[in-house]
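Each of the next two complexes has chain A plus one more chain, namely chain B in the first and chain C in the second.
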Partner chain A sequence: MLELAIGIILGGCALGAGCAMIAGIGPGIGEGTAVAAACEAIGRQPECKGSVTTTMLMGCAVAETTGLYALVIAILLIFVAPGRFVNILLEAIG
Partner chain B sequence: MSKIDPTIKKETGYIAITVLILSALMEAVYLIIGRWELGVLLGNLLGGGVGILNFFLMGMGLQSALNKDEKGAKATVSFSHTMRFMLLAGVLVLAYFVDIFKLLPTVLALFFPSIGVYIKTFLIKNKGKDAT
Partner chain C sequence: MTILLLILAILPIIAGIIIKVLFVPASEGIDITGAHVFFTIDLPMGGLPISEAQINSWLVILSLLFFCLFLTHGLKTTAMSKRQIVAEWIVQSVENLVKSNMGEFFMGFAPFIAAILGLSACSSLLTLVGLFPPTSDINIVGGWAILTFILITYYKMKAGPLIYIKSFGEPVPFLAPLNIISEVATPISMAFRHYGNVLSGSIISVLIGALLTTLSQLIFGNLPGILGDFPFLRIGLPAILSIYFDLFSGCLQAFIFSMLTMLYVAGGFPEDEYFRRKRLKQAKKKENMQVIENTNGGV
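Moving on to the complex of A and B:
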């Protein structure tokens, strides 16, 4: 029974980490959209390349923060959470 | 290797300065609360350094994507994104498994470039408001 409970904890953590990484898709799409729009803008007004690149870089950096949050959560769920949850379970059943 | 765009150099320099300032601030906070140790400094250096490298690599990826057609740009951005994510994941795993690095300062330092971008955006917004 204990093995089953530990298995459920480990499975839940792995599943949670996988779900958290869904947030990694968003920055990819966002960056792609930003680059596409920047390409268009530079094509229309090549003299604005500097300011367009700056804005795009900043936008991409902001968009990527979400992915980084997800990555940190996933890493914590994989490496830190299982040990803590198993300890809590073992303490609860004495 | 393609020439580095001056805009990317300038922005990476700005981000590096922001990361330095925020790192000094974090070290000061750790000192004040009495929890400073070498692992905090090393974790901070690792996280901050990789944060700056990540921003620079993102800039390089976007620069090379700008010079390509739509399909090539998509492939370049997706490749750059995946590689950078793997780099960040590797750093987090390293910080967790190697005892000389503390995990929390490493994670916090990885967010410093984003904080720098938020600060810059905020300053630009305020500048725009003042001008009008």
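Moving on to the complex of A and C:
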């Protein structure tokens, strides 16, 4: 029975980590839009390439934030959460 | 003297490698662990763990200190050495960056920005010599983010605390909770952005190394003797990824962190209000002086 419970915990953590990374879609679309707009701007005004690139990198970094939240949650779920949950389970059983 | 300072700048990195070889247990395969905790100092409010991340970040600070001394000792006005030109180029480019992003009022920020930029970039680049990068530990980056948060709040309060409190109810008063959340989210997102990028780079590097080991065992496993165990595919291929994950990403995150610090501090500062108050104060002072002069003249 204990094996089953631990198995459910591990499976739940892995599934949760996978689901969390669905958030990667958002930053992908956002950064793609940002880079597309930057390419357009450079095509129209090649002389301001430097400042457009800097601004684009900044915008990409800010758009990446939600994806990184998801990444941190996924890393916690894979590397930290299983041990903690199993400990809680073992303490509850006694 | 010059060579001595250069050796002193390299010495902390070598010390870090020696500490790692002597005290940190080697990790096997895809065993991804955080910073190794060397010892814990017992304090009244709980243990203070001294980990690899802290030691490495202090080593980077020492190394940067000696590198700056190496660049700037013996400055001359004529017949400059190459060191001095490099040092002047660094100072000038940072000052230009601060001036173009924050304006003349914040020129005093240039040393702080240069320090954050250099510390963050060099910490991330520690992966190149095989050490644990301090920036992939959230405690280190969180400390920097809290520092930035204190600076932002200080400059928002520059025109009086009342204006700072009033700014929370900006468009409509009932949005105040959302404004407070977004205020607190600034340092959290800055810390998570830097730490997540560096950590995900190192995790992907470890995973790809493990994948290439398995693949080369599958392909070359039948070769006799030691040739069968040697991971041939791990030669050279991970280095290409390392160019992006260690070199480009590390430097980019350092740049973004300092850039966001500049933008948030300069953006939160209520410029018009501050200068209006300053002018009022100066006008009052002048008036007082005139009154004193008039009374003196009357006597």
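One rule holds for everything that comes next: the second predicted complex is superposed on the first by the 94 of 94 C-alpha atoms of A that agree within 3 Å, B and C clash if a C-alpha of one lies under 4 Å from a C-alpha of the other, contacts with A are read in each partner's own complex, and residues count from 1 in each chain.
Just so it is clear, a residue touches a chain if its C-beta (ideal position, glycine included) is under 8 Å from a C-beta of that chain, and two chains touch if they have at least 3 such contacts.
Model, not experiment: these values are computed from the prediction.
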Legend entry - Combined model on chain A where chain B meets chain C, clash or fit: clash
Inset, instruction - Considering only the touch criterion stated at the top, classify A:T53 as touching first (chain B), second (chain C), both, or neither. - result: first
Legend entry - Touching partner for A:F79 - first (chain B), second (chain C), both, neither: both
Inset, instruction - Look at A:G32 in the shared chain and tell me whether it touches chain B only, chain C only, both, or neither; answer first, second, both or neither. - result: first
Legend entry - chain B versus chain C as contact partner of A:L68, first or second or both or neither: both
Inset, instruction - Please determine whether it is chain B or chain C that touches the greater number of chain A residues. - result: B
Legend entry - Superposition clash, chain C versus chain B, among 44-52, 170-178 or 278-286: 44-52
Legend entry - Set intersection of chain A contacts, chain C complex versus chain B complex: 54, 57-58, 61-62, 64-65, 68, 71-72, 75, 79
Legend entry - Touching residues on chain B, where the partner in the complex is chain A: 5-8, 10-11, 15, 55, 58-59, 62-63, 65-66, 70, 73-74, 77-78, 81, 85, 88-89, 92-93, 96, 107, 110-111, 113-114, 117-118, 120-121
Legend entry - Residues of chain A defined as touching chain B within the complex: 24, 27-28, 31-32, 35-36, 38-39, 42, 50, 53-54, 56-58, 60-62, 64-65, 67-68, 71-72, 75, 79-80
Inset, instruction - Write out the stretch or stretches of chain A touching chain C in their complex. - result: 54, 57-58, 61-62, 64-65, 68-69, 71-72, 75, 79
Inset, instruction - Would you pull the chain C residues touching chain A in the complex into a rising list? - result: 32, 189, 192-193, 195-197, 199-200, 203, 252-253, 255-256, 259-260, 263
